[in-house]
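Next, two complexes with subunit A in common: one pairs it with subunit B, the other with subunit C.
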Partner chain A sequence: MITEIAPAAGPVVTEPARPGKKRRAWDEVPRWQIYLPLGIYLLFTLIPFYWILLFALRPAGSTSLVPWPVTFEHFHKVWTERSFATYFTNSVYVGVSTLVLTTVVALAGGYALARFDFRLKRGFMLALLCSQFVPGALLLVPLFQIFAKLQMINSLGSVVIAETVFQLPLSMILISGFIRNVPYSLEEAAWVDGCGRLTAFRIVVLPLLRPGLIAVGSFAFVHAWNHFLFALMFLSDQSKQTIPVGLNTLMSADSVDLGALAAGGIIAAVPVVIVFAFIQKWLITGFSAGAVKG
Partner chain B sequence: MAQAAAVAKPPAPPPRRRASATPRRLPYLLIAPAALLMLGFIAYPVLSVFYYSLQNYNPTKPWRNGFAGFGNFTQAFAHDPQFWDTLTFSAKWVVVEVGLQLLCGLALALIVNQTFAGRALGRALVFSPWAVSGVLTSAIWVLLYNSQTGVTRYLADAGIGSYGTSWLSDPSTVFPAAVVADLWRGVPFFAILILADLQSVSKDLYEAAEVDGAGRAKQFWHITLPHLKDAIVLSTLLRAVWEFNNVDLLYTLTGGGPAGETTTLPLYVANTSVDAHDFGYASALTTVAFVILLFCSIVYLRISKFGGETK
Partner chain C sequence: MKSSIRRSRRAAVAVALGSVLALTATACGDDGSGSAGGKGGEGSGKGTITFWDNNGGVRTDVWKEIIADFEKQNPGIKVTYVGVPAASVQSKYDTAIQGGGLPDVGGVGTAMLAEIAAQGALEPLDSRLAKSSLNGKLNEKFLESVKSAGGDGETYSVPTSANNGTLWYRTDLFSAVKLAPPTTWTNFYTAAGKLTDRAKNRFGYTIRGGEGSIAQALDAMYGQSGITSFWNGDKTTVNDPKNVTALEKYTGLYKKDTPSADVNNDFTKMVAQWDSGTIGMLSHNLGSYADHEKALSGKFRGIPNPTLDDGTRVQVSNPVDGLGLFKSGKNKAAAWKFIEFAASHASNSKWNESAGQVPANDEAAQDAWVRASEPTKLAAEALSGATTKIVQLPYYLPDWNTVSKAGNEPNFQKVLLGKMTAKEFLDTLADQLNKAQADWKKNH
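Then we have the complex of A and B:
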């Protein structure tokens, strides 16, 4: 099982070593049957991206289909006048805090689920699964009341907690799956060598969990970065709002400033694109190692 | 991101015991933070929703507050056409979105699972909208659909359609327009999950099938699809729940309009509680939505015999 996870650290995911001479018939799909549908789908995927770049980079009022000459006026405007600088900082705070909190709490819980039998285990697992059906959007009112009681309305902490809580169940199930893939005997061997449970975990298990933790952590970050409703409801002060709320404000203006909206959208996308580029190779292995087996 | 793994540590273990002994309290200590968070911020709110669903509760009309029995529920089922409209629209939205996303995602996964030149780049590009948020998706499609400088303008330039067309404000086009926008973002989810599962199909099976003279269509039908079944059932279910609950996209793209044409049940609930402050009624609607979701999920898992055929 370890062998299934370990190679994930390397870039190669699925290239099977095939004896080059014989090509299997099932492998011989005519090229056009691949490239034609793929090309059509790529157009559908990429035109919207191009469109937002176009609007962000061409001068206001232009109708040219090529963003030339390039202008950065929209970015400047959105960053300074529309306070995206503040939103960006807030979003980074929410995203990173959610990532750390979710990963740490889910790692602890996931370890307990993977390694111990305890009386409440089945009930806890059931609660985790059931929580998947609880619609966060429908709990807005009670959550608002709770945070009001805790005096956390208008504090970024409320959003971090709300995002973490809804991210936890799935993260914990995934992580316990990853941990189960690491043979217990490895840990036991480390104890025999005199390590405590914590040291053994850190030295033996944690390195093997890297792809899984990266997948889970990035999910938490991207989710918190993208999510909109909690921030909209819990943060009324403009200086506390996050990027999705800022985008919504731009969109719901009476006359939408399309250039500013496009530039704001690109600012919203940049961190996600970076995370995505970084984790892509881990994503599929992360899933196939843990998710499907649960 | 890599640091996250290094930073992450389970909370302090109980006072030093012999590591090899199985400490009885350790698992409880380890799940305690998660359990407390979920009790406080999921279980308690859910219970309070159930409680308020039986109450008249409106902070702006305190003189009416009090026990309502099933009044809120009779109100919804018997006297509120908007409840039925939004419920019907939710069902339509979920079925159309999940169905189309699954079909496109499956097709895409099969394609990018082949070996071809430029596969890595192709995969990266195809999956790229996966992480785009609902709000950003709305922003992008507002740019595409706007009546002044959106695609319709350039289509009109080319002689197709007329100038000033806005698909999002016309009741006859708003549904397909919103579906396409959400499809754009939703397909990669299925494509990624199905691709991950495709990689665990044993190649021997295909080779054996080939020896037996089965064509590609037959191989797909008898090997690939049965193998994918559990992943498909699970991902469609998760996605359906998600599509039902998620309000980001429709809230920002159409705001539920025009004329309530694209208001889902959760969107209606949000409006009822946030704008009308009718928490009691909103809680009853939430309860109804919750029960419907649970019921549909159980029926779906039963019908699809989830996990039944695998060992």
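Then we have the complex of A and C:
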């Protein structure tokens, strides 16, 4: 019989009770001393976003500081004339494929790192960490040659593989941290109940890793979504290019259509914002649970 | 049990090692296809060729039209268009030169010609040009620029267009205070002062202090000093005392008659600021014409750089854009046909009308649209005018891009901020240029 274990939502961070005196002191802080700095910070952060919205929504040639009358001509232009519909689809393909591939492989690698002792394990971990110091640009030529030999140039698969390879080291380290936090005894209990290693992992460990998987997956997705270099180098056909490359094509050597660029920027940002809005709870829990523990 | 684990470990290690070796072997191997070392071939004159547009995106539509026209006229040839963003085209070429995958034809401006030609990636075109229908129909000055930029006396690209430094000014603001057009440097400085009203956030000029600042500063400097050559023997003239004085006067405009944020101006910020504000003058090139037309239609003019009081105009050479034939191409006959077609009267006219630039094809330069577009017409006249002296910048130096960009742009910002003198800046620049020239001479 398998003991059912309720999925944990990650470690519960309980705020230590503040002594009464301190709480009163906190409560006595005038609200403006909290909200004013926060407001200034928010203003500082949001003004550039407002500026992008302004350029995207006001008509070409307008110098108004408010986007009125509102126009969607720039969005229409980039979506239809500048092929952003195609770039968007390609970016979704690259982002989701990288997410899935990175998470699956990192899960397997992370499990091995967390649960098995093998020769040169420390060296392997060190190599994983060191690989983070190698910039992607340094590996462009060898990667290009490998993909050319594999007939994968101008295929979205090449970008997915390159992105996954660069995401894996950090993802594996993070996932191994999450897995270490799951008591080994839970898996052992599942084995005693007749599960194999894989079934025990799927039924017992995997549900507990949800925050970690979401953190790693979203990190992989956002990185692949925003990354420019591999898409630029490995893809040639316009029908294969991704959003970051598309955004760059809106800036010519001596002329920039700022309205189109702003609209393109918003189209590029929306999926990332939506992803973060949905997963922020899991993301914070995930990173705090796994990132700092080895 | 233990031995089976050991066996499976060994097998795993062997598989991993084998994979690494296989991948390494494939990575190191090179069949020469499409890399700089590839010899390529003439081919049958039919089939598919690849064309890289070095300013992809904005010019995509007009190129697709030209390609469609070409394919209609040459049914046996198909052109695959690849638009590469202008800011990344150099790295895309460099990667392809090292790793393979070069196109058959590519857009190559004089600013990057030396670097690509030096890596042996481009085919010399002199003999093809001599036998071509383009012979005698391309602007001689543009051809000279291209030949000079190649670095070894060979022509590595067929010129298609030239840009030109343009002084854009607000006719409405000039009329309001009854100022003479800034056709001379004297008028320019007078207008810059009179149009400035810092209290009302109005400025006479916007200076380029960020990315791309050096070429613009050189243009203003030589334009005022009247020095007509970049070299005096093997030494550069950039730090000539007349140039030092000119640069001091020009950078003296910063904060006095320009916004203080100009220290970080690249062309994007500078153009956006001019199009949306109340700034009197802007030095850029013909490329921003469409942006000004959208924002300030009927309220601006674009003229070539100001002249000296005696009417002499001195300006630095602007990059000439062109099409290169890559050595590694396996279908050079078809690729050359495409280059000839793109540089022919009709296509060249179509492309330049769309880009607002000066056509390299002499017949295209006579077309009605050139006469109707004042900035282009004036630029074309300035480029071929007898009173215009062009200081040829050393695009042929492999180090030119570094020296004229990242290497010295921070120093130019220091000059604007008063942390470095114009003389110190120009002396540093001169040292680097003299060294680069000496290195180049050793190899040529």
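Going forward, the second predicted complex is superposed on the first by the 258 of 294 C-alpha atoms of A that agree within 3 Å, B and C clash if a C-alpha of one lies under 4 Å from a C-alpha of the other, contacts with A are read in each partner's own complex, and residues count from 1 in each chain.
As a working rule, a contact is a pair of C-beta atoms (placed from the backbone, for glycine too) under 8 Å apart; a residue touches a chain by one contact, two chains touch by 3 or more.
Only a predicted model underlies this, so the values are computations on that prediction, with no experimental measurement involved.
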Combined model on subunit A where subunit B meets subunit C, clash or fit: clash
When both partners are placed on the shared chain, which of subunit B and subunit C touches more of subunit A: B
Partner chain in contact with A:Thr249 - subunit B first, subunit C second, else both or neither: second
Touching partner for A:Val105 - first (subunit B), second (subunit C), both, neither: first
Touched partner set for A:Ala263, first subunit B, second subunit C, both or neither: neither
First, second, both or neither for A:Val160, with subunit B first and subunit C second: neither
Which of subunit B and subunit C A:Ile179 touches, first, second, both or neither: neither
Touching partner for A:Val141 - first (subunit B), second (subunit C), both, neither: both
Touched partner set for A:Thr63, first subunit B, second subunit C, both or neither: both
Partner chain(s) touched by A:Phe276 [first = subunit B, second = subunit C, both, neither]: first
Which superposed partner A:Gly217 touches (first subunit B, second subunit C, both, neither): first
When the two complexes are fitted on chain A, the stretch of subunit C hitting subunit B, from 187-195, 205-213 or 385-393: 205-213
Subunit B/subunit C common contact set on subunit A: 63, 118, 137, 140-142, 145-146, 233, 248, 250-252, 256, 258
Subunit A partner contacts - residues on subunit C that touch it in the complex: 9, 23, 26-30, 50, 55-61, 80-88, 91-92, 95-96, 98-101, 163, 267-268, 271-272, 275-277, 284-288, 290-291, 294-297
Residue ranges of subunit B in contact with subunit A within the complex: 1-2, 4-11, 13, 16, 19-20, 22, 24, 26-28, 30-31, 33-35, 37-38, 40-46, 48-49, 52, 104, 107-108, 111-112, 114-116, 122-136, 138-144, 146, 149, 151, 153-154, 184, 192-193, 195-197, 199-200, 203, 206-207, 209-210, 216, 219, 230-231, 238, 241, 244-248, 251-252, 255, 266, 269-270, 273-274, 279, 282-283, 286, 289-290, 293-294, 297
For the subunit A and subunit C complex, residues of the former touching the latter: 60-61, 63, 81-82, 118, 137, 140-142, 144-146, 148-150, 153, 232-233, 236-238, 245-246, 248-258
Interface residues, subunit A side, partner subunit B - complex: 13-14, 16, 24-27, 29, 31, 34-35, 37-38, 41-42, 44-49, 51-52, 55, 63, 65, 99-100, 103-109, 111-113, 115-116, 118, 120-121, 124, 127, 131-143, 145-146, 161-162, 164-166, 168-169, 172, 188, 191, 195-198, 200-202, 206, 209-210, 213-214, 217-218, 221-222, 225-229, 233, 244, 247-248, 250-252, 256, 258, 261-262, 264-265, 268-269, 272-273, 275-280, 283-285, 287-288, 291-292
